[in-house]
């Protein structure tokens, strides 16, 4: 499979008021395959949100290169093409909806792209259906819950017919139910529509079904691999300021107590299977 | 400073088409030094409840007594109430406004009538409690800090009033795993020092671990009031109220569904672990 | 605390008035307002009132509800009425008492102004009751579009208005939350003199501004990420088209205009 995202030696530096040069990102090399589901984990301040903005040419790296679907994000001629193919969903549900009515907000992206009117109507219906929010299309965004607003934000991205959606801590401000719903929706979009997903989060359990997990720490890639490799590596996670998910922690402590549980348990389901096997 | 909530009801915008009964006849008491968790899905009335307990909005019916005093009365000593009951709202970092961190933390104590000469000491103590070095940070602007640090400063601003009762609305929202852990530790410490804690949270594992009692709110009613063990074994009722079990409880439930006889009483990480070790014959951990 | 203020007074519905093209509604409202100030006879007023009543009838909103819009204005109404009646001294004296003198000219002028004010408010109220703020904004954008040739930022103005409309409820909620948080820290906003009260607002205003700027930043980023690049080459989902009813309305107002211009 071809790469959808490729970064090479990406740095992002800024000068503080005292004149020190700080690196939010320092030499990041990442590739994300077309149609895959990648999760980027990192504690607050690890550089993961800075990284997200590079994926849609919202900001450009101060060093190195970012290619999206083969396009260099520094190529100003292709900025809109890149933004059109990479949908973004941000952290705060309140601060990314523009219009006073849900359907008009979803239409905002296609309108900017200059999509003909009858097609916009069609795209809006489809996008709202995909996030199961069609019956809210005439509502005012401020009357919706946080999770519902994020679903509208996803619909807004979908209506642009993107090839990839980047969720920049989009679940951080939601309650557990809202979080689960968002995860269900993006997983479905990934599997059924083939949309590449980059999910940036600090909830470990959101990484368990990913194709690829990348751990960022202090602006660098600390580790990358499959969920099973990453989420069971307690020492590495600790170094990154993270904690393993519940099942992985439990499996590890049981092993320490001498019970031969396979090391690869990262979900409750897997842990249950292991315990049943040992019984 | 026991809290008694007696038949409290609250109606939003009464007499308009938007009328909504947010609380319906809620009653409970909280003794000194308790750690009470309040759980309930969005719109269950839990935020309204804590605002009424802290006299920020007036209840439509019923009354709240704090140490026997009804502070919603006109002649009540509001400053004393503010000193007694500290409130940490969701995303408290958005309430910071002073030029320096020390000034911001001293704002609450100053407004509630603490003598000037005590302010510095209180600021220092509060900063130490939340793990921020006084000398390093006192003269910095709160707006220069990272999100997690801002939250600590906002919490210190409430702690500096030395409240007997601390009410918190989902204090860990938006924090990363270590931030969540350190905040729960802080609250646990405060509780160990005798502070009564009332905490709204979706963090079922944290509550299973630390709370002495849990109130379950559902559609404006107090649906359950019991120890974490009593509450978290009611799987069906919780699910119907739109709530999840703690992770340990979910594991127990999944194991029991597979016919493994593990007690539903286990709701904490360590309890489940010990029981599994016993069952699977490993060597018990110290 | 401040949530009870209802902003905008759109009355959702599906009446003939609601379904009219907002551009036409906006233009006809303007035309009627100009007309009110051209009226010289009772017949002229009767014609305008007839149009107004017809509009209210077609909007399926009760006359009482529309007149509610005048309530906040009663003070201005009474004030201008008194001002006119006592300070204009033209024509025959009708009543004289101490230093006050009411003349025929003054009375006519006072009644005239009062009637005009009531009509003006009622007509605009019918517009805002049957047209959502978003529709008015859209209509304005499209009506002002020809002016873009003269570099008038019609699209940008409309976008600013719609963002303001979108964020007013959010900021009202936020203000409420910050006020409660500071109240819990012992702040009080309703005691002390003017200066003390103004100073007391600092703990609300600073956080509110900080957060409003943060919101603006994030919204700008979100808009950019959705390919926003100004009004150029932008299409719109919502189409506005004039239909039969719009032209009937135009005809009625045109008729009244002719009637009034011929001296009524």
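Think of it as A, B and C in the order they're written, each chain with its own count starting at 1.
Simple rule for what comes next: a contact is a pair of C-beta atoms (placed from the backbone, for glycine too) under 8 Å apart; a residue touches a chain by one contact, two chains touch by 3 or more.
In this text the structure is predicted, and so the values were computed from the model without any measurement.
Contacts with chain A and chain C are shared by B. With centres defined by CA atoms alone, the chain at the far end from chain B is C. Per-chain Cα centroids separate chain B from chain C by 45 Å. Inter-chain spacing, taken between the CA centroids of chain A and chain B, is 30 Å. Along chain A, no residue makes contact with two or more other chains. The part of chain A that touches chain B in the complex is made up of residues 43-45, 145-146, 172-173, 175-178, 202, 204, 241-243, 246-247, 249-250, 253-254, 256-259, 268-269, 271-272, 275-276, 278-279.
Listed in rising order, the residues of chain C touching chain A in the complex are 132-134, 162-163, 165-166, 169-170, 173, 214-215, 218-219, 221-229, 233-239. On chain B, the positions that touch chain A within their shared complex are 41-43, 146-148, 173-179, 181, 202, 205, 242, 244, 247-248, 250-251, 254-255, 258, 260, 269, 272-273, 276-277, 279-285.
Chain A makes touch with chain C in their complex at residues 53, 56, 58, 80, 83-84, 86-88, 90, 92, 94-101, 103-104, 107-117, 120-121, 124, 140-142, 153, 156-157, 160. Residue ranges of chain C in contact with chain B, taken from their complex: 1, 4, 174, 177-178, 180-188, 202-203, 206-207, 210-211.
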